[in-house]
Every structure is written in C-alpha cells, then in structure tokens.
C-alpha cells in the first residue's frame, strides 16, 4: 500500500531559532495521527509546513495525488498545490473565524468549495449544503444565516462541513476543539470520529489536549523544541511513555 | 497463534531519578488455535501487564511477541492497528467509548471496521446484546449512563462481535450474575470451538477450570523471584 | 489655444497610460496597474476614465461623454468641457458621430462600430473585492483562475432574494479567462459587451486600466438553474415608445405618478425626431 502522505526530513527555521527539525513519518489512508506538545514545541509550524502554508527550509511532503500518484507538494507549482488544498485536502483552523467567511451565509460557506471546483447548479449546491449541515448537526433552517450569529461550537462544525464537502482525503486540524466548552468539545470529537470513520479520512491533528488524541488519533507524535521525541501507537505512547518529556506530559494531566 | 519468547518489560521513570523498574523477565508462552490459557498469580504479579504487552499497549523491552505471525514488539503502528482490527480482540474490564454513540453501534463497530455490511453487523450486535440480557429499550442509548454490570456486558458483546482468531480476556466474568456468567462462558467456548486462541485472566476458579486448557503463573516471570 | 498640453496630460504620462492600454488589450480583462495622476477633479468623478480618454484622444477625434446614459448631467457636462478646454477637440451628443465615448454607468443603445472607442469610468475594478479584501489574495486568485468566490456572491443573491439580484456591475468572464467587473453598468447592458468597438476601462483611485478588444467573448456569470437575464423595467419609453431600451423611472409629482424614459437621451431624442411617440409624448413635446 502506498502511504497517502510521506513526510521526509522537514525542517523550518525562524532565523537562528528552530521551528521544527528533522521530522519524518508516513501516513497511510484512513490513519489519524495526533501531534502533541506544549506551545512553542513546533507542532503548528510543522502542520503549516505540511499543509503548504509555510515553505519548509528542507525536506519533502509527498502526497499520493489522484491523478499522478506521489508528488512532492513542496516543489509542485502553486496552482497545483492550491488545487489540492481545495479538493483533496482540508484545513480546520482552531478559530472558526479563520476558516469561514463570516459575511457569507452558512450555505454559501459550504458551497464555496463546490463552486470553486466548477459546480454551477444552484439547486445541487444548496442541497449539498443542507445535507452537510445535517451531517454536522446544524438545523437546515440555518442555511441562510451568517456564521457570525452561530455559537462557537456551531461555527466549528460549519467549518468542518465547509472543508469536507468536496470529500477530501487528508484533513489537517489545528487544535480543532481549542476554546470550546468541554461538552461542546465532546460533541465535536464524536462528530469528527464518525466522519473520519465514515469517509475513510486520513488526518493530522495538532493539539495539546491528550484526551483529544486518545479519542481521535490512531498514532501519536510527541514534539518538544521542534523535534519529535517519541512516536507510536496512541494508547502505547500514552500508557507506556518512553521519553522523559512524554512521561512528564502524561503525568501532568489531571485525572477526573 | 499467540507466542511469547523471552519477553521482558521494565519501566524507566525519567522524572523520578531515572529509576528503572523491571516488571517482567523471560516471559514465554504459546497458545494454539482453539486453546485457552489462563494467567494466574497474585495481584500485582503482572497479569495485566503481560496482556497489555501482547496487545501492544505496553512496549516490550526485549523478546518477541508474536500474534498471528506479527511481532508486536517491533511492528509499525499501522500493523498493530490492523492486527487489532482483524486478528486480536481485547475485552478489558472497563468500557471506553465516545459519549453519545448508541449501544447497538458500539457493539457493531468492530464488525463495521472490518467491512461487514451494516445490517449484518447490527443484527449480530442485537443478537449478542439479547444473549447478554441487555434490555432492548437501552440499545439506542449510549452505554456511558449504564450501571457497571451493564457496561461490562456491553463491553463483552463488543469484544465478541467480530470472530477474532486471537483474544485477550481480562476478568470477563467478574461481577456478573449466574445467568450472564453462563452466557459469557458459552461465548468463550464457542470462540474456542471456532479456533480462537485465548489468553485470559480469571479470578473465578470455576470458570477458569471450565474454559481454560492450561494455566501459567506469571510470578515465574517476576524479576528477582525464583519460581 | 491655451497653456495646457494637448488633453491636459503630459506626453510621458500619456505614453505610460497607452502602454497600460495596449497591455490591457493584449490580455483582455486583466487589470493593468498604472501610475494614476492627480486630475483637476475629485476621485469618483471619473479620473480613471478621463486619463484613459486623454491618452486616447487625437486632435481629429470627436468626443461624446455620457453619465447614466445622459449627455446633459453635471458629470458629463464637466468632462466634456474639460476636454473642450484642454484638447480643443470637437464634442457631440450623437453616438453616431463620436469616435471616442467616455461613459459612466451605461453603454449607448446604438450599436457601436469598429472605428469607435468606448471608455468606462470604473470606481472599483476588482470584482472579487466584495468577498476578499486582500489585494495580494485577489491577484493570486486571478492568476490561478480561482473564481469560485464569484459564484458565492451570486449564490448569496439567490439564497437571500430568490434570484440573482445583482443588477449592475454584474461580473463577466472575458475571453474564457479573466473575471472582470464591467463597471457599474446595468446588467441589461452586459450582452452589449461583445461589440465591434474597443472598450477601455479606467479606475483612477484604484490605479487600474483594463480592456476588452473588439469581438471578444464576454460571458455573464450565472448558474445553470438561474441563468443570466438582461433585465429592464417592463415598460416602453413614455417619450419615444421604445420597448427595448434601458429606462429610468422618474417620479413626477407628490401623488407618486411616474414615467419611464430612455436613459440614453441621444437614443430617445433621435427616435422622437424620427416620429416615434410614447404614452406621454404629446404633453412633453412642448
């Protein structure tokens, strides 16, 4: 089986400071990988390098494209990369405002990707938007409301719908549950889990919340000071951490 | 089907002066298809640790942990994930599920994960829940709100939904009434009959004697102890 | 004549603008940046169009200036005067006779010819601006032909009003490549954008020039199930009786009596001269 994503020796410096260094891993179709670490550990830098938002100083991000098979997204042309990011890739921002058009209705937000890939039938676009609102548990009567009148949890679910409507194969998530109430988080996680399963999505999720990765991620990578200190099966890394930093991280979580 | 060769396990506590605590040494065992092996030994002797090593939840320090030909001690995460999906089942003592998912779905999930048709998976789940006396009116609810005994039975139903060739059972009959205990024991017997290799922890001696073909005292593997 | 250089701008500036115009013609619909000059009129009064006209005018040209179709409104009169003063060119109100037509918000009803140039005054040249405020991003979207956003605007129209309610500045795709704002002309005029004359667009404040060469394909964006419609008020002109020209609605008294008249004053006048009569023709003939 070909990995969906092969990351090889990704390196990003901010001047003399290390953003992330020497990160390599393979992600197979249907796998969900979590990246944990404290603020400043380089996990968001890494995610942005993978998703094409930042250009790494070194390394390759090889994606198994539908048309041409594995291709390095770092060196591919910008139009190709942007095409990927609106079709086969999705990016869920921590703050829904960064991932939504706040002045456009919920339906328009969901429909944008469809229109971007050439869908020109209003009725079809609207039906799919309504279908997706249902899938992310937003009442269809809200289809013409702007996200500015939605709650934080609804905005985040709308952002997910907007991203998944084109049936991407790889989703990048940056702290998808950050800033939400615990009960809202649980609902969102459950929703994400269901969608990941149902659509066979692969995902890379950056978070500092170990409960999130335990629920969502098959595999886990622990980062500190820009480097990966430990990687493995999520439950193994959390239950039997090998590295000093991971042990500290795991033992620092309050038990409920 | 399940074979351990000279497996050792230790914990290094980096944040407590890098203390190294060896918990297991020279663990070897072999379970053939259709065979059930009971792990025995006092509390704290390492029965659960051994199970977790087999499941890949704990990382073995040395030795081989072969399940269906895959060395769990060295396998890639995705190989272990595939093993857990297809080959190796684990009934733990605690039910760990995402809130809001209905019981029927929880039980059917392992079947859906191996690509079983949805209706067939739900039928099998319903069948198991009925056998384990979970009232049908509860099937559409999330098991998170159930009593301890109910959760335990849901957990067993889930564990037996897919016909795993290898299974790990951690106290499957604990805190069950006579009728449900009987059901669980027959489930184990049925699994053996179809050729499943089983490693189990049973405090219930009667149950152990009924389903297990041999016993292994894990205190033999406790470092510093002479068996 | 006077102390101005011909058509106010100095020759270097005209050269710079002509280069931008030529580039615009070579890449239809593409917004060419240019070093817009301060003009002796405020932004919003057609400074972009005036600079394009100034760079295009030759002494032998005949200029027509219209504002919302009319030759006699303030904006049109001042610009016409401006060129009379600074270029000394002939001016006209007759579409037929003009070689250069500067317009604000309309295309004349009469079919334009290959030997004519029409210059549009453009307030906001960027059709994507409505939804994407970042210039860096909109330029990238143009260069990569990422125009999904344009349809999002039309989608919003339909979801809010049941139909595409964008009535003017209706976005078009030029020559199957660039999405372009045709300036705030009514969408009734959109089909006329495929014409025989050269079309030049000037945005002074935003410092952009773009162009549509003659006989270029110009398609108004729409949805399959909500096709583009060139709408106008469902009336004939009350003065000349024309039922296929774009109309202005005029409130006549406090009782709310209204009349509809051609917005293209020259078109209306020439029809009346030829004997066509509308509903209120008699009383207004005086």
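Each chain gets a letter, A, B and C, in the order it is written, and its residues are counted from 1.
The rule is short, and it goes like this: contacts are C-beta pairs under 8 Å (C-beta built on N, C-alpha and C of every residue); 3 or more make two chains touch, one makes a residue touch a chain.
Not measured: the values here are computed from a predicted model.
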item	value
Chain ID, smallest distance between chain and overall C-alpha centroids	A
Per Cα centroids, the chain farthest from chain A	C
Computed distance of Cα centres, chain B from chain A, in Å	32
Centre distance in Å when chain A and chain C are each reduced to the mean of their C-alpha atoms	46
Separation of mean Cα positions, chain C and chain B [Å, integer]	76
Contact set on chain A toward chain B in their complex	28, 31, 186-187, 189-190, 193, 197, 215, 218-219, 232-233, 235-236, 239-240, 242-244, 247-248, 251
Chain C-facing residues of chain A, complex	78-79, 82, 86, 101, 103-105, 107-108, 111-117, 120-123, 125-126, 143-144
Residue ranges of chain C touching chain A (in the complex, touch as defined)	131, 140, 144, 146-149, 151-152, 155-156, 158-160, 222-226
Residues of chain B touching chain A in the complex	11-15, 52, 56-59, 77-78, 80-81, 98-101, 112-113
